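Below are two complexes that have subunit A in common, paired first with subunit B and then with subunit C.
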Partner chain A sequence: MLSYFFKRLGLAAAIVSVAMFLLFCMIYLIPGDPASVALGPRATEEMRAALREKMGLNQPVLVQFWNFYIGAWTGDLGDEVLSGRPVTTVVFEQLPYTLALIVGGITWSVALGIPLGCWAAVSRGSWADRVVGILSVAVIAVPSFVIAIYALLIFAVELRWLPAIGAGEPGDLGDQLTHLILPSLAVGLGWVGYIARMVRASMLEVLEASHIRTARAFGLPDRTITFRYALSIAILPTVTLLGVGIGQMLSSAVFAEIVFARPGVGKLVYDAILTRNFPIVTGTVLITTVLFVLLNLLADLIIGALDPRVRSSF
Partner chain B sequence: MTTLRIDNLNVSFSTEAGPLHALKNVSFDVPENRIVGIVGESGCGKSTLINAILGLLADNGSIDGGSILFEGQDELTSLPSSRMRDLRGPRIATVFQDPMGALNPVISVGKQMLNIQYRSTLSKDEKMNRAVEMLELVRIPDARAALARYPHQFSGGMKQRIAIAMALMMEPALLIADEPTTALDATLEVTTIELLKDLQQKIGCSVMFISHHLGVIAELCDDVVVMYAGEVVERGTVRQIFQDPRHPYTARLLECDPARQSERTRHLPTIPGEIPDLRARPAGCIFANRCDLVSDACSAPPPDKDIGDGHVARCIIADCPEETGVTA
Partner chain C sequence: MAELWRPIRKILREPLGALGLFLVLFVIFGAVFADLLTSWDPTKINPRDRFQGPSANHLMGTDQLGRDLFARVLHGGRIALFVALVSTAVSLVIGIVLGLIAGYGPRWLDNLMILLFDAMKSFPTVMLALALVTLMGPSLTAVMVVVVLVTVPGYARIIRTQTIALKTSEYVTAAQSMGASSARILRVHILPNVIGPLVILASMDIPVVIGIEAGMSFLGLGVRPPTPSWGSILNDGFTNIRDTAWIAIAGGVPIIITTLGFTFLGETLRDVFDPRLKGR
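Entry: the complex of A and B
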């Protein structure tokens, strides 16, 4: 188990390295001179040269990459162009908001998607199954920013049940949670559909398995069979799906943060792109990549914890 | 007393192409403390029969008549599902064909053996001890440690023995064994059969043993029921069926047993033709289209002819042994 963990950690490091290389190439290939973009049209040539020197832009490209690479592993992603604060500080200030949003989104999708999928599977062919099916496809089809805008209009503007913008008073957990409800719903609602479909499909498959017939032949109660014997297996593909889905949730988070004017890395990167603040863009993308890789590792570990067959192959 | 009495049972499935009459007028008894073998080729309705007894027919299946009387008092065809569930396990236990998939892969063997005792009033430790006892009885080495292991950590033969242990732990009145040895290799098959016979005597239950392996049936069973296309074509004791088959299908089936070939041959005998489409059952004898001894009279429904001593065959010429063309 431990050796598996370290093997996966090594693989994660390799993935992050490749991501860094691609990221560096993309930034390098963007036309224009970052120094002149950062300083604006009225800067003098000396000022630009000084900034290029400071940013290391007149060194050979491989040296630049190496510096970036080593810097990143030691937690130094450079400084922000405008304020000069370290990029890591800026990103880590915003990261908790986005993490809260994603955890909220996962909570919505799991708390609604799994029971709905189970319900649809055990009552296959009934009206309940059909309604859940139609709703699932509907919420999958609607983009998250549309859900965000309508959630805002209905629950915050019209009904005034929930706050419209911001992340709530710092230190006031209740206020922060009420501010989290709508944005996390916008991030998670599409995933309710995905998970409901996924759980339904794998439940139907598992319920056909011969060990379920054995459980029935021993007269186990339906509840035990559905939840302990079938769902514990049917849940596994969903965990993998969620691990991969976190990437998509991160991009939904960008929209949700803009629509609800919430702080967070999505809002941060959006503002950074508008102001050509490239170190922030690189830093944010890199940190979210690491986050994504680690959460996928977590998903694999959860599967190992749930499935003894996987565990023994570790 | 008769543990299980099946009388004139009819089961059909509704399919897109119309109703499929899967079991037609099936009657036989499983007497107390006896092992009854059910034999027949694939698709003869053995699994449907088991599911009908257990009340686990698929949603599109229905019992259209007849009775399944359990222990002389419970009419299984009309029992409420909660009562039926109480019988499944404690009174009627089942061992299924596929040992690889019969146990839940993500729940430890001990936990599964604990879960099926959920009705018992014993303490958790006592239940665990019972599980260990049963595993030792089916010769699982290091039984206590085995409880913590998962099904994929056992071989196929061990899994099948665990499944048998689980079924017999319930001390049922009736054990249904659905081809429990088919997936095992020949040596394992023999030891599993011997084990089953031992345990049956120890626990004193009746057994309904489904197999298409004639040798196993002859070895293990007291009585035999021969099924063909959803009908019981012949039933009797092992001696009656194997020494004196009266239905032409039974006779052909015995001829096809490789163990019975006395001469070297390149081609094993087969029964030409196929099982008729059960969605359009012939009105007369179901075996008529493959039978060498067919006559005009076979287009009428054949009677269940009683040959004596519980030997019954569904064929008009069953009482003329010289005409079935078999010399035992």
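Entry: the complex of A and C
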């Protein structure tokens, strides 16, 4: 297990390093100079030169990459252009809101997806199975921002059941949760489909397994077999799926934050683009990427701990 | 002709496939014949007619500037389909080339490329899009670059895995021993055998691509105004959601219809032609 852990950790570090390199190349290869982008069209040549000096853009490319790389690993992603605060601080202030949104999305997708998938598998071939199948495909297909807008339109603007904007009063947990319902639904709805399909497929596989047949032969009730013996194994792949899903949920969260005017990293980047606050953009991209890689690592380690076959195949 | 009919009949036999095909043809028809279906100019501003509901004159009503929404939706369909087709084609070509190189080339190159693909896939899509647009400025090209960056790693990986599987097959070894060059082996013996599943996967990616274009245009990072895109219409609807729901409906429903149509069609294609891919 320990060697699997270190191998997997090394791979994650390598992926993050390459991702940093790609991000750096992107900044470099694309025409346009970050200093001019940050200062806007009305800046004088002296202002640009001063900012280039301050951002270290006059140094050789390799030196710049090295500084960027070392800085990133030690948590120094530079300072924000306007206020001069460290990018890391600014991003980590906003990150909890986004994480709350993603946890909300996962809650929706697991709470709806696992029972639906289970139901479809147990009633295989029936109309219920078909309906769940079509619904799963449908919610996967429709982009999350369309769901966000229609959720806003129906439940907040027309019916007025739930609040439309903001993250709720600080300190008032009930209010914050009410504000979380619609945005997290928009983030999680597509994943209801993925999880339902995944659980259905692995459930069908598990129900054929010999230990389930044995349980049946012993005369255990269907309910016990389904929920105690089959489901506990059938939901394992969901963990991996969620690891991958978090990256996509991060993308959906950006839209949900903008549509519902919630604070969070998505809103942060979006506003940063409008104000040409360049270090914030790269910093957030990097931090969310690292987060995504880490969560994938965590999902793989959980699976590795639960399933020895995964460890040996690595 | 019969060759062409058989797959279509197979698709039509599945209710979901028939529905998907119908929806896709419906959307393509609207985009192609946009100029014949409406006489309104999608960019013509008409302040006196703003925020109108659907009527015989304006089939879907008008937006906050009095522009005809039906005309904007039809022309928006052109943008969506154009981006979907062009960028998917570009991704396929790049993905195939990179996949063949990774699968057939030396081991170290393969490892390096896999690492590169994994790193590219680890950027959250929207974050990557936001970063790119900050650098490039909003445009349709930026949208297509994002689509290519997001989809290429997946295509390349599929091609790579299959190339590796075929590399040691007997007929490839036979061709090698007869002195065929690597380029010829890849082109004649490997490519035709690996391309089928890829085309099906790409067709299933089309709704994703349409979602990326609409999403970026929704954020104001895609097409520039006044060019209509479903995403920018949806954004107009979002901005004016307290005045009227019609704009949001006009922008969102075509996105839903198109993504559902292509998804149903893609799923049926996969089930009919390549059951091995099921569950992906």
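By definition in this document, the second predicted complex is superposed on the first by the 296 of 314 C-alpha atoms of A that agree within 3 Å, B and C clash if a C-alpha of one lies under 4 Å from a C-alpha of the other, contacts with A are read in each partner's own complex, and residues count from 1 in each chain.
Methods note: contacts are C-beta pairs under 8 Å (C-beta built on N, C-alpha and C of every residue); 3 or more make two chains touch, one makes a residue touch a chain.
Note that the coordinates shown come from a computational prediction; the quantities given were computed from them, not determined experimentally.
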First (subunit B), second (subunit C), both or neither touched by A:Ala201: second
Partner chain in contact with A:Tyr229 - subunit B first, subunit C second, else both or neither: first
A:Ala209 touches, of subunit B and subunit C: first, second, both or neither? first
Which of subunit B and subunit C A:Leu250 touches, first, second, both or neither: second
Partner chain in contact with A:Leu306 - subunit B first, subunit C second, else both or neither: first
Touched partner set for A:Cys118, first subunit B, second subunit C, both or neither: neither
Touched partner set for A:Phe218, first subunit B, second subunit C, both or neither: first
Chain touching more of subunit A, residue-wise (subunit B, subunit C): C
Partner subunit B, residues of subunit A touching it in the complex: 209-211, 213-221, 224, 228-229, 232-233, 306-309, 312
In the complex with subunit C, residue positions of subunit A that touch it: 14-16, 18-19, 21-23, 26-27, 30, 32, 37, 134, 137-138, 140-143, 145-146, 149-150, 152-153, 157-158, 197, 201, 247-248, 250-252, 254-255, 258-259, 266, 269-270, 272-273, 276, 278, 281-282, 284-285, 288-289, 292-293, 296
Residues of subunit C defined as touching subunit A within the complex: 16, 115-116, 118-120, 122-128, 130-136, 207, 211, 214-215, 218-219, 221, 234, 237-238, 241-242, 245, 248, 252, 255-256, 259-260, 262-264, 267, 279
Residues on subunit B engaged by subunit A in the complex (per definition of touch): 54, 56, 85-90, 93-94, 96, 98, 101-108, 115-116, 118-119, 150, 152-153, 163, 166, 170
